[in-house]
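See the structures that follow.
Here come two complexes built around chain A, the first alongside chain B, the second alongside chain C.
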Partner chain A sequence: MEKRDIWSTLSRIDAKLLYALLAVFIIVPLIKPLGLPMSIPAETRAAYDFIDALPDGSLVLLSVGTDPQTEAETWAQAIAMGRHLLSKKCNLVLMSVNSVGQPYAERLASILQEEFGLEYGQDICVLGFRAGEETAVAGFAGDFLTLYNADYKGAPVKELPMLKGVSSAADFKLIIDYQYKASAIWFARHVGGPHKVPVIAGSRASSAPNMMPYYASGDFKGVLPGIQGGAAYERLLQRPDQATKGLDAQSMGLILVILSVLIGNVATVMGAQAKSKKA
Partner chain B sequence: MFIRKQLPVLVGFVGGIIVLGGFFLTDPSLRKAASTVVSWRTTLAAFALVLGAMNLVKVNWNRASAGKPIDRLAGLALLVPLVIMVVIGLTSGTTAKVYAYMYDNVYRSGAATVFSLNAFFVVSAAYRAFRIRNAHAALFMVAGLIAVLGPASIGAYLWGQLPVIADWVLKVPSMGATRGFEIGLALGIVSMGARTLLGIERGYFGGE
Partner chain C sequence: MNISTELTVWIAALMTLGVYSFAFGDNPVYRIISNLFVGVAGGHSIVVGFLHLRNAAWFPLVRDAQLLQLIPIIGGVLLLTRLLPDKRVSVLGRVSLGFMGAVSGVVSMQGALETNLLRQVVATMNLRLDNLNNIIILVATVCTLVYFLFLHQGKYSKVINPISEVGKYAMMVSFGYIFGAGIAGTMTLLVGRMQFLVGQWLGIGL
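Now for the complex of A and B:
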């Protein structure tokens, strides 16, 4: 049996070993956070400052587009921002334009209700899912009470105490969107522009570049890019939680990706050199 | 022939003009009409979801009843949970505990698991396929390293300037490219919208 040299071995690492290493690299920081340093993006700080400057009791819409695919990135953002908004005694209205995002809206309301002792209908309510994606957002902007005449339990929206006197999308002081497709851009287009309601985008890291032009133009008052945005928000709130752990795990996973690329390349180059020397 | 060809174009034209007018003009009655048309669209979208589900059932029923054994299994794997969720939703409502239980413990767990597998494929692909064979690949590698490491906490740990460079990449070259793309896309949408309103673009007729 031919004896392999080290470069040959390194260029043929079993994929299962890489999988096992990745699992370890991700799970360990989730169990025991490493406390790696982090930078706070300017657009996340802007979101924090904007919410911090909201008058107490402001009516805020949270569009929860989170689903299992984006949960790792946007769920922790929603929890952290929800806590911040409620510390400002804001009234929260939750909705979703994602058919599988609605249960996340319900869960977010339930978690915040329990943590802050909120009364449903008085401090927080869930309107539910509406089909149509961008059209649903346009419908919300055009005639909020026609789109939502009842909440997710079927109770008439007009009878919810927190929505008494609310007749249009313009009555909201802020909209925060947790990304489903380009939902934050839909809100900026249909509500932010025509009704002058500020919009903040909680996005996936991979979509953050698409959000930045809207932040630069002032259409978004802030952007939370992926886990980094959530972790930065938790840092600003001085309440590290899921995103802070997730950022450490993501960093360790990235280290393995980079090591994999480096090992693969070095092994290929050195292996080729060793072969040519033998020849 | 009028019903199949001219009428859909006429309906599209009138509906589109009302919605466009409601967006750009301040007349309250026009805005109200536009809002009504948009609310019809959300109702139609809800029906479209049902239609999509029915189509899914039809396709997978055919697979499950007449396909190869593996196709039958795949068809049943879709049909059985779909029927269970629909029955639970219709009988107990979507706010029922049993519905939430199924969502959390079947759909959510399954979807998150499938999506998480991407991380394993990325590591494997990074090791096997990402070879720096020329200057372009090297440039791609450097840009990738900056974009990936910069926002991550490990980036600042390795080199304090890495997040600053990553931020510059995001806010200057990347934003410029995104703006160009967005403007191009918007112009394309305007053009396509005008063609559709005028009945020139008839793709939605189903290829006739």
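Now for the complex of A and C:
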């Protein structure tokens, strides 16, 4: 009778208790980092090595598709890779293929400008948002200066010193895309293939499996999968930041989920067996 | 602890807690905040759309006399006719819809054949079978493709059935991985909000 009560209790744990445990499991590592072991995915290391091998002063496009849903995963990637690019004195052009990504592009530019003392128009610029999603990317590939004739402030792009002499998408040495829908694949299709511009994908964890075939085929030079990719990149830079702290919390949360699933399933099976024995 | 004094941080924090109150059941606070979010998101889209239309089409037409901008403007107006009850007028919206569908289709196809198919096939053909991972990839790819061959009956079944079974299990493993990655992504959303609440709002630890 006692064993049955235990299985019955375990299989009927109140969801509010699990929510409270989840909150504790996540908040504790945020306050006191646990330093859980972390592996660096091969595709993240490939992205790091590719950027490290870029010539100083290269022109790089950052497509910031971050929105509130993906911010927790791709924002830390954007900050870490932005720091790496600027340590190589790269010139950064920011744009976005979604309307919500535009404020994130502006915020990223503002953070990097302040940290590295950059001059707008000389070292970094924000081209803003153009509607059309994949069509906008195809337009960028086909006639970049006509589609992006002005930056987000309305200043003519041709007057920006860093873009003098830039006539097409092929002038970019690298494109890094922070996921909005399948934006990295759009860039690989329209810019990476025809213009042979390398593409690196910063993606959500749930989309990373879809990106791997493109990494395997060489269309992507690297992939950063979710918060793990961001944390791995921070470790490679030897500059732990938000992603590293968040990864511990995510790991603890997932451990609780796994334990809950296992306990629930064991309790259900054992409870059913106890019931059938009694019957 | 260094609690934030910024109004925007407090608003975001209280709204986050209001949304999480759903854990205790549906309640008016949650409903108000979720409806507010829908409204703000819709309003933001309208403003961005208006500014984009103004900067990309209206100003070039009016200030720079680029008469070609009339074409997308008229196309956009025709699209809006879909909202009208009179079918004799709303049918005009099909012109814009058809154009948009055709352009989207062509743009998607451009490069898709090479990037999505040919380069994937070439990469799989060129796999070096000198490590277990590559062998698994090749076997799983071939078996999964065989699964979709509808030749399970008759004289081919003894050969194809076992291979397609392997393909079925390979797909199950990959779907499990995708599902697990989805859960990890959802967990990251929660972690991100907790980082905001603990770090930016309460100023603890971060």
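Just so we're on the same page, the second predicted complex is superposed on the first by the 272 of 279 C-alpha atoms of A that agree within 3 Å, B and C clash if a C-alpha of one lies under 4 Å from a C-alpha of the other, contacts with A are read in each partner's own complex, and residues count from 1 in each chain.
Keep this in mind: a residue touches a chain if its C-beta (ideal position, glycine included) is under 8 Å from a C-beta of that chain, and two chains touch if they have at least 3 such contacts.
Keep in mind it's a predicted model, so treat the numbers as computed, not measured.
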| query | Regarding the shared-chain residue A:A216, is it in contact with chain B (first), chain C (second), both, or neither? | reply | both
| said: Per the contact definition in the header, classify A:P41: touching chain B only (first), chain C only (second), both, or neither. | reply: first
| First (chain B), second (chain C), both or neither touched by A:L145 | neither
| If you stack the two complexes on chain A, which partner ends up touching A:K245: first (chain B), second (chain C), both, or neither? | second
| request: For A:I263, select first, second, both or neither according to whether it touches chain B, chain C, the two together, or no partner. | output: first
| request: Would you sort A:I111 into first (chain B), second (chain C), both or neither based on which partner it touches? | output: neither
| task | Residue by residue on chain A, keep only those touching chain B in one complex and chain C in the other, then list them. | result | 15, 19, 22, 26, 69, 71-72, 99-100, 102, 130-131, 135, 138, 194, 205, 208-209, 213, 216, 225-226, 250, 253-254, 257
| query | Which positions of chain C touch chain A when the two form their complex? | reply | 23-24, 44-45, 48-49, 52, 55-56, 103-104, 107-108, 110-112, 114-116, 119-120, 122-123, 137, 174, 177-178, 181-185, 187-195, 198-199, 204-206
| remark: Interface with chain C, chain A side, in the complex: residues 15-16, 19, 22-23, 26-27, 30-32, 69, 71-73, 99-100, 102, 129-131, 134-135, 138, 150, 154, 185, 188-190, 192-194, 204-209, 213-214, 216-219, 225-227, 242, 245-246, 249-250, 253-254, 257
| said: Looking at the complex, which residues from chain B come into contact with chain A? | reply: 22-23, 31-32, 34-36, 38-39, 41-42, 44-46, 48-49, 94-95, 100, 103-104, 107-112, 115-116, 119-120, 122-124, 126-128, 130-132, 141, 145, 148-149, 151-157, 163, 167, 170-171, 174-175, 178-179, 182
| field | Complex contact set, residues of chain A against chain B | value | 13, 15, 18-19, 21-22, 26, 36-39, 41-42, 67-69, 71-72, 99-100, 102-103, 106, 130-133, 135-136, 138-139, 142-143, 146-147, 152-153, 194, 205, 208-210, 212-213, 216, 225-226, 228, 231, 247-248, 250-258, 260-261, 263-265, 268
